[in-house]
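Single-structure report; data block below.
We just call them A, B, C, D and E in the order they show up, numbering each chain from 1.
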Amino acid sequence: RDLPEIRDDVFQVANSGAYPPFSYVNTQGELVGFDVDIAEALAKKMGVDVNIQSSPWNGIIAALAGGRFDACICSMSVTEERQKAVDFTDPYYSAGLSVWVQESTDDISSIDDLSGKQVGSTLGETGNQWAVENGEGKWRNQTFQGLPDMMNALTTGRVDAMIADDVPVLVAMQDNALAIKMIDVGELPRWPAAISIQKNKPELKEALNAALAEIKADGTYQDIVDKWIGKGANIE
Amino acid sequence: MDFDLMVEVTPLLIRAAWVTIDISSRAIFFGFFVACGLVFLQTFRFAPIRWFARGYISVVRGTPYFVQLLLVFYGGPSLGLRLDPVTCGVVVGAFNIGAYMSEAIRGSIESVDKGQSEAARSLGFGKAHTMVSIVLPQAASLMIRSVGVLAIVLVKNSSLVSIISVVELTYQAQRLIGSTYKPLEIFTLSALMYIVIIYAVMGIIELAYRRATRYTTQ
Amino acid sequence: MVEVRNVHKRFGDLEVLKGINLTVNRGKIISIIGPSGSGKSTLLRSVNQLEVIDEGAILLDGVQVNRPDMKGLAFERHINNIRQNMGMVFQHFNLFPHLSTIDNVTLAPRKLKGMDKKTARELGMEQLERVGLAEKADVFPNWLSGGQKQRVAIARALAMKPKVMLFDEATSALDPELVEEVNRVMRSLADEHMTMLIVTHEMSFARDVSDWALFMDGGVVVEECTPDKLFSNPDQERTRNFLQKHLDNNH
Amino acid sequence: MVEVRNVHKRFGDLEVLKGINLTVNRGKIISIIGPSGSGKSTLLRSVNQLEVIDEGAILLDGVQVNRPDMKGLAFERHINNIRQNMGMVFQHFNLFPHLSTIDNVTLAPRKLKGMDKKTARELGMEQLERVGLAEKADVFPNWLSGGQKQRVAIARALAMKPKVMLFDEATSALDPELVEEVNRVMRSLADEHMTMLIVTHEMSFARDVSDWALFMDGGVVVEECTPDKLFSNPDQERTRNFLQKHLDNNH
Amino acid sequence: MEFDFTPVITYFPTLLKGVGVASLVAIVVAFMSIVGGLIVAVISIYTNKVVSWPLRFFIWLFMTTPLLLQLYFLYFGLGEWVLIPAIVVGILGLGFHYMAYNAEIFIATIKSVSGGQYEASRSLGFGHWNTILYIIVPQALIRSIPQLGNNMILMVKDTSVLSAIGVAELVYASQYAISVSFRPFEFFIVIAMMYYVINILMELGQAWLERQTAYRR
């Protein structure tokens, strides 16, 4: 659906609901997070009613392609291949990959040290794609359905290292005393995260981009960053 | 274990468990009728009807449940079939489990001694009547157990309905783990709820089985 | 009246019935004897179409029973009607194990003739008394002795008050007293114009009860005549050999 | 030698055997006759402990068969040994439907006596020939006629070369020629010192084949004597009534 | 919706590898669950409570909880003490799961074999366990074929749950490909077809078995 139809109805937005602090269900059962607030702020600017729902990662693309949602505001990284299938708006933040190991690990300090190791990454993240494409013949990859599973695997020693977006892990470490550490492996690729919408919906894309610019300009955006990521954090 | 957390999330999980119960019980109920229909179609003399039933069973059993869900949910609207996610879960669940149940019923019927239906037929009972009065009561013991297994399978597989964004027990648990990083506590809770649901199903199966086999143990 | 005309039946390569002809008039009792494996059970099962025959015709009171021209539901209705008029007692009894004795007997009258429970029970008890099993009415088949099962099977078939009865080894599990009793029952049924086809191995029973006797071997009728003639002075060599013992005894 | 001493057996409230005594010497054939439901099958089943008796003792060659003192595995071993020496032919045959005829016959010798396949097949064919069924060796029981099934059941029991054979209605599905044949087989087995207990409804067969005859009614032995005496001039009124027809015929 | 199957072609080798892994798991699990289910059924019917109860409880646990949770517990829960490889965890979980289901079927079919069969075998001198082995179980197996076929067809598709613990079976392979290419329906259609081919093979096998045993009932 393009913008006119959405105006007559509600703006259907999806996220995975299992990716704190971007989107998750708190213990009151409410869907909250950075992505949720961004979605609400954008909808307000666009002047549409919004309905934000969660859908598991493995079904979220199908849901978008199948027309159940109009947009995924779900921390989705932009890649070339994905652009063939969906349209992305301007980025709304950028995510960086990082490598994590158990606190007691001392034999991994660079990408090369990962050779022969078991390396985890989560399905759907760009870290997963990066690890699979670069790990060929070097390390063994294991894909997890979500960050909690993967962190579990790391702390129980099922994987020697994990590659993940840095923000969620850092936030998770604040809330839970996890015995893991980030290692500095030099520059890893960063990907911009953007809102994905169905292909060929020019008006919607336009409106989202305009709204995004507006919330960045009027400070709403930074408020949301302060609230969820950390005071003064810069993730643009 | 973080018991405070467990207490806190229990109401959420119970609500999700209710979705699971709702979807599964309706799917099992309608699925049984789908199964009976399929068994019935296979008794037709007109071959294309039989082929249709066999083909249906083959395709439905042969392809994954979550693919069926996605195809019906997203492909349906283009054929004018617009279902809300829960209804879609019930409908696809019923048509899916129905195919399995029909095979279970067929197998149970075939395990009854042929002499029994011959005896009934020789008294003048028609095919359908023979089935209802003579064959089914004797097939019941095997049927109840094998259809019961499938009911249990359906309850468990109802977690796949989350792929069309229904928040049922497993998905709710996963979402909560995603935010709390407490897998042990939350999985334990959801496991307990599954145990209660499925234990109830097993209880019904056992009762029905006892009733159906009264005559052999008397 | 039952007529069997040139009936052929094959199981795969094995031709079990090779052109059987036979006529049983109303109210008559006909015995079929013959060695094991000669096709007696198959013939009886063909008469009420439990075995579909490959060739030939079977008629009940002039109505053709096998109808290769009829299909599906039409044939269903036709054959069910016919079978309600044709009782069968199986060599292996085939009692319904999930029903008590009385329910075994009354199921068909209740469901097929719409008889109410009470009338059906009365009728059933009457039939059970006839075969001396009234006190086993509420017992399940698994608890019955061999002879008791066989008698329940007879009562079950009789409860439908058929025009024709087919007995496959109707007395094999019965003691002499009961055989006598069954003989008496059959006679009284014949008087009520019931037609009966009996496969039996008990030659003296066959001789006593039947109006006509038939000797089968290898899927053909070797000889048919009155039982007295068959058991005292058969024409065929094969029959003579088969009945040797009985001929010896009774001459 | 088989001894049955004061055997009692109840099914719930129903006392089916009320103190049976009976002795069968080695190489002898004893017939048990009696009305339906009198407990004949139950007695035979008690002899090899398919029914656990409530009172009394059963002995095979002086060894007690029922051992209320023995439990679990010890009894298992004991009874399996005994049963290998005691063949049984059931009223309902109970052939194994998942095995071909020859496998039905050879399963026990192969698995219990460790006979190799070839020898077992030879033995099996020999037994099948004895009952005239060699050509049905590779056929499954469901394809057999009633008499054929019964003969396979006999062959199966004989293949274990038991010391004692228990026949429950061993000839009920057999035609006169085959009865004659079975009679002959039994005689030859008796000459090889096999002991036999036969429950039968065919009085002439009982008379021909057996060395001793026994009349049971209502769970007690009413009378026992030589078959000639029993069938011509029994002492008891009850026996006389039961055998009326046969006494009439043969006097 | 427009379809574009080019990504499917790119990832086809990965998908095929996934089919290989799924088949391997399925074959091992089929064997384990049928043999195990039979043993469980026999033990729970024929032995006393002391012997059968612990086993039945164990099976009950697998019956009442979802496979996914079991895999998590086995994989992460046990992870504190022993590290069982994911594929082994998967095979054990699936195996025990279907063992429980198959046991349900066997309990019913074993009980449906008539008492006369047991007696006939015992009267030949076969012991209790030999009778079960040579007479009861073969007949029960024949009667179980349609239901077992059902369970095994279900099981093949349940191998996809193993993706949750990183076993690279078919669905796992497709999920990765989807997350890269964003072409869900194309991949789902293709893996549905791959499963269907496996299913047809299984149905042919089942039909063959049913034909072979039809006259042995």
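Note that in this section contacts are C-beta pairs under 8 Å (C-beta built on N, C-alpha and C of every residue); 3 or more make two chains touch, one makes a residue touch a chain.
For reference, the UniProt names are B = Nickel transporter; C, D = Polar amino acid ABC transporter ATP-binding protein; E = Amino acid ABC transporter permease.
A quick note: this is a predicted structure, and the numbers were derived from the prediction, not measured.
Novice: When every step has to jump to a touching chain, what is the lowest number of steps that links chain B to chain E?
Specialist: 1
Novice: By CA centroid distance, what chain is farthest from chain C?
Specialist: A
Novice: Two chains share more C-beta contact pairs than any other pair here; which two are they?
Specialist: Counting C-beta pairs in contact per chain pair, the top pair is B-E.
Novice: Taking each chain's centre as the mean of its CA atoms, which one is most distant from chain D?
Specialist: The chain lying farthest from chain D is A.
Novice: Centre to centre, by mean C-alpha position, how many angstrom separate chain A and chain C?
Specialist: Measuring from centre to centre gives 81 Å for this pair.
Novice: What's the distance between the Cα centroids of chain A and chain E, rounded to whole Å?
Specialist: 36
Novice: Rounded to the nearest whole Å, what is the centre-to-centre distance of chain D and chain E, using the mean of the C-alpha atoms as each centre?
Specialist: 46
Novice: Please output the residue numbers of chain B that touch at least 2 other chains, ranges allowed.
Specialist: Where chain B meets two or more other chains at a single residue, that happens at 70, 74, 113, 183, 216.
Novice: Which positions in chain A are in touch with at least two other chains?
Specialist: If we look for residues of chain A contacting two or more partner chains, we find 58-59, 62, 65-67, 145, 149, 152.
Novice: What are the residue numbers in chain C that touch two or more other chains?
Specialist: 92, 142
Novice: Looking at the whole structure, which two-chain pairs count as touching?
Specialist: Every touching chain pair, ordered by label, is A-B, A-E, B-C, B-E, C-D, D-E.
Novice: Touching chain B in the complex: which residues of chain E?
Specialist: 1, 63-69, 72-73, 76-77, 101, 104-105, 107-109, 111-112, 143-147, 149-151, 153-154, 157, 160, 171, 184-185, 188-189, 191-192, 195-196, 198-200, 203, 217
Novice: Which residues, counting only chain A, touch chain E once they are in their complex?
Specialist: Its residues touching chain E are 57-59, 61-62, 65-67, 79, 81-82, 84-86, 123-125, 128-129, 132, 142-145, 149, 152-153, 156-158.
Novice: Can you tell me which positions in chain B touch chain E when the two form their complex?
Specialist: Residues in contact with chain E: 58-59, 61-67, 70-71, 74, 78, 100, 103-104, 106-108, 110-111, 113-114, 141-142, 144-146, 148-150, 152-153, 156, 159, 170, 183-184, 187, 190-191, 194-195, 198-199, 202, 209, 213, 216.
Novice: Within their complex, state which residues of chain E touch chain A.
Specialist: By the definition above, chain E touches chain A via 1, 4, 7, 72, 75-76, 79-80, 83, 86, 163-164, 166, 172, 175-176, 178-185, 188.
Novice: Report the residues of chain D in contact with chain E in the complex, numbered from low to high.
Specialist: Contact set of chain D toward chain E: 45, 48, 50, 76-77, 80-88, 90, 92, 94-99, 107-108, 111-112, 140, 142-143, 156-157, 160.
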